[in-house]
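Going by the order they are written in, the chains are A, B and C; count residues from 1 in each one.
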Amino acid sequence: MTGGRRLASRRPPATLLAPATLAALVALLPLGYLVVRALSDGVGGFVDVVARDRTLALVGRSLLLAGVTTAGCLVLGVGLAYLLTRTTFPGRQLVRVLATLPLAIPSYVAAFAWLAAFPRFDGFPASALVLTLCCYPYVLLPVAAALTRTDPATEEVARSLGRNRWQTFRLVTVPEIRPAAAAGALLVALYVLSDFGAVAILRYDVFTRVIYTSYRSSFDPTPAAVLGTLLVALTVLIVWGEHRTRGRAGHSRLGTGSARRHPLVPLRRWTGPAVGAVAAVLSAALLFPLGSLAYWTARGASRQLDVGELVGAGTSTLLVAALGAVVTTALAVPVGVIAARYRGRLGALVEQASYAGHALPGIVVALSLVFFGVRYAYPIYQRTPLLVLAYVVLFLPLAVGAVRSSVAQAPPVLEDVARSLGRTPLGALRDVTLHVAGPGVAAGAALVFLTCMKELPATLLLRPTGMDTLATELWGATEVGEYGRAAPYAALLVLLAALPAVLLGWRRDQLDDGGAT
Amino acid sequence: MSELAVRDLHKSFGPVQVLRGVDLEVEAGTLAAVLGPSGCGKTTLLRVVAGFERADAGTVSIGGRVVTGVPPERRRVGIVPQEGALFPHLDVAGNVGFGLSRERRRSSRVGEVLDLVGLSDFASRMPHELSGGQQQRVALARALAPEPALVLLDEPFSALDSGLRAAVRAEVGRVLRLAGATAVLVTHDQEEALSMAVRVAVMRSGRLVQSGSPAEVYGAPADLGVATFVGDACVLRGTASGDTADCALGRVTLRRPATGAGSVVIRPEQLVVDTDDGRSGVPARVVSNEFYGHDALVHCDLRPAGSEPLVVASRRAGEVQPLAPGDAVRVVVVGSASFFAD
Amino acid sequence: MKHALRPLAAAAAVPLSFGLAACGGGSGFDEDALVIYSGRQEALVADVIDDFEAESGVDVQVRYGNTAQLAAQLIEEGERSPADVYFAQDGGALGALAKAGQLATLPDDVLGLVEEKYRSADGDWVGVSGRARVMVYDPDQLSEDEVPGSVFDLTGPEWKGKVGIAPSNASFEAFVTSIRVLEGEDKAREFLDGLAANDVQTFDNNILVLNAAEDGLISVGLINHYYWYEQVAEEGLDAVPARLKYLRNADPGALVNVAGAGVLESTDKSAEAEQFVKYLLSKDAQTYFAEETKEYPLIEGVPTAEGVPPLDTLNPPEIDLADLDTLEETLAMIQEAGLT
């Protein structure tokens, strides 16, 4: 096939480029705001703050935490993905759903649960552990999808050439899942860089501390915004690094795209240890924080529950998170398709721009949208559409990564066939590629959905006045120490988070049935 | 009238010239084969015709209309890629009906085409539930369903095992004829090209070097390259003088008069090998015997004692008396040979 | 045929239609409502606001958030802010808004309700409830008598590694500012450097300092008094082993600070906004703060909650809260000491 060569020579059609550019511009809004702010105040103070020894030390600590957490998430995420997609792990469908749920637990809630139970467990190890347990699904989801999509033939060839299972995994499977794992790792790294809640509670000082302190100090958004540029610079470096690990290998399957299903690796006597390990991870990541909340409910006097408020917050949460997921995914599709199908500077630029908002703390993104909303979009200021826009800025990369890696694995020849049968480029994309890539795209949407549900800083500033989400209620209760009142909100958050996971799992079951005949 | 007319097509990828002035005509309702080794540019030619690539120069006309700048979806060109490339998310009926309008999808068209390829009972199967040959036939049905002006087949049988290949090939040929389709088959397999096409175009390094009926291309190759690529050939050094040439097989008749030194090309089936009766032909010794049942390929060493080995292959129909290595034989040339001067 | 996106699309369609309906219906956004930005938590003030609505008939909408972040939002919004009233955890944030010219002067009948030292000198904002700085200690490690009588003792070697603070909290910052005002810059810097050199343990907020004292991680911590009362209300006295010590000796560690409110200059509902601020200083609202949040009422004639030592027994340092508006110098000092 001459696929790689011919793709390189094509420019993306305007019908893709226009919405992708729009998405990139939306993602660049906070950066525009930072520039406006930096120019209005001059850069002298910025240089002063950045050049301070302590600032540089904090940047180093941020990077160290991001590095260690990312490594931990890769180990947990890839390991779980393999166990739950390729082996005879008992109840793997259900466990796969459960294993994604830690995404719904705000990292500050998890951090508080750990600190409350183990007051002396703090600082770097605690922060790395808690963030790893909160973030590993970012790796698990794309890698599990990639493991199901890859062609079993290549692994079988490796086995036939005398490689054992482990060598085959290392030499064949790892390169095949590398783009997915790298995309997940990138999300973890950026999440850790922008997180403040968990590390603040666990007493590990990082760079975001400088930004938050800056708000508390002057109540002036400018210095903090200017400091945010440093995070953007770090993000650019990391995104660029991830881009390089992708390399030049195309991972689309040649041929039909209808790969056989992978035969399952029998665990036999390893079943016990495997179940034990998975149970340990799920207990630490999911049961432990939920159990803590349940314990506080039992202990706390504030446990009276206003069902109406709970239902109201649940409904609003579903609404804004679903809107966030749908709009974000819709904007991510053109960006992801261009990244997967059209190599070239323009495509890379558009894709990398989509990451601009992701490493910024939510408060910076929220204030930038306050800035733009008040000036240029007043009719939607503090209305649902602007909040949804904030989710797009914050979480676009979650969906872009999913779209890109799943479209990259859908054979381009299918689009050629569709075009020869009368479809326009967009029609071919809609009727073929997005269906073939469907599970991956849906997983991306689910990821955005989960992340929107627990988002706090932007939701606080941009939600319609008077609207409460589960995250804002949870925050409101924990802020005044009413953990008993907080628990039902956290429980509902996790319950609702299970929805997309179950939905995705259910679809997989359907496919499995189809494949049984 | 030609359904497909390609004129002086040029295409480069960066510094690499892939097509360097290709001309090709295909009569309506016939199957033409573009035959060439990998990397000769035949897939690019097909992609330009289908509209996936734009030529740097030259034109493509389909049904008398120049289609330069017309996007693939408006060319009415069906394609059958390697391994079929069925849409994995659609069942067989969904795949076949993909190129049809909503109304026609509900009409009997899908059933008709599935009938044509003999897969009526498979309409609700998913692609991964089909064998390779069935997938290929569905891919063909899918391409034929919208009644395209032209069907392009890109190495459609290369992924099939050899037993299946001949059957699927015959079946595809039959279906294309029944459908009255104009088709272009791109392949590197000369047997496939010769057996299926009414016209074979041989392509090399971005150029068409010969185009003609299978018999012409096989029997009267345009140059030594075509001669050796299309079919097995026995190539010997020789000197021509008019209607004959002298070579290791003695004096052979030439198809066209020539003079001077060059290469004599004789097809294996033109070499008759028989046990040494001491009369006609050139003496030789059997080196090996590849037995195929319907025929056999016998390799003989023509060398006079003490010189370099000179092995030629001869095709013998049904072996009455199997020849063994070491047997002394005589080789006789039947019919005329091709000659290519140096 | 199987459509990969069908369940997804179906799932999306439901909230989408909800969303459109909600947008069409105005998201419950009411142009005529009085909009309050509250840096105080819903759990602490929602009842008071409900009572105001019922009593006045004014329609109120509240945006709850973090005091500092809401201040940043208000500054970013400027003249176009939808907010009419800003209800803040601390005077510092109100002072910053006043400095930006975004707070309107309150009428004298509102200002007059509160002692001068608990409101802005220019009349831009007014204190609504008082909170006292206290020392929280672990009674397993030391008796009340052993708790130092002054915050300046905490830099002594016997407290090395045993003291907890929340240095990035507004309450701590106001406390440091009061040291600067009362004792001078040098003394304040010496104190902060002394804490840092003494391995003071830093936490993100007051609750975590309190928890650390309960868990025996620290011997003494500096917090606001009501956190302890809230935790006792939530979990019962038996579950909260830590105890409070009020210094009562005019030490900066006995500072009384306020949560307060101001009316936005950009409001078009100044009458209702002022009515609301005035309601916060009504007998009902003040009684609520005293009884429910265990804070100090700031108007005459409302008693402190039972079990909370009355304001006039606290003997806080003599300081005008309006003088605590030099926050940036304080922050620079805290940062230079390496505490944040």
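We take it that contacts are C-beta pairs under 8 Å (C-beta built on N, C-alpha and C of every residue); 3 or more make two chains touch, one makes a residue touch a chain.
Since this is a predicted model, take the numbers as computed values, not measurements.
Taking the mean of all protein C-alpha atoms as the reference point, the chain centroid lying nearest to it belongs to A. When chain centres are defined as mean Cα coordinates, B lies farthest from subunit A.
Contact count check for A-C and A-B (C-beta pairs in contact): higher for A-C. Centre-to-centre, using mean CA coordinates, subunit B is 85 Å away from subunit C.
One finds 34 Å separating the Cα centroids of subunit A and subunit C.
Averaged C-alpha coordinates put the centre of subunit A at 52 Å from the centre of subunit B. Touching two or more other chains at once are residues 2-4 of subunit C.
Within subunit B, the positions touching two or more other chains are listed as 89-90, 126.
In subunit A, the residues touching two or more other chains are 435-436, 438, 514.
Those residues of subunit A lying in contact with subunit C across their complex are 54, 115-116, 119-120, 200-201, 203, 209, 212-213, 215-221, 224, 299-302, 315, 318-319, 322-323, 325-326, 363, 366-367, 370-371, 374-375, 378, 381-385, 434-436, 438-439, 441-442, 445, 457, 460-461, 463-467, 472, 476-477, 479-485, 499-500, 503, 506-507, 510-511, 514.
Within the complex, the subunit C residues that touch subunit A are 2-5, 7-8, 11-12, 14-16, 18-19, 22-23, 27-29, 35, 41-44, 61-66, 68-73, 75-78, 80-82, 92-93, 96-97, 168-170, 173, 202-204, 207-208, 211-212, 215, 217, 227, 230-231, 233-236, 239, 327-328, 331, 335, 338, 340. Those residues of subunit A that touch subunit B in the complex are listed here as 1-2, 5-6, 9, 254-260, 411, 413-414, 416-425, 427, 431-432, 435-436, 438, 514-515, 517.
Subunit B makes touch with subunit A in their complex at residues 13, 43-44, 47, 50-53, 71-75, 77-79, 81-90, 98-99, 126-129, 135, 139, 142-143, 146, 148, 152, 159.
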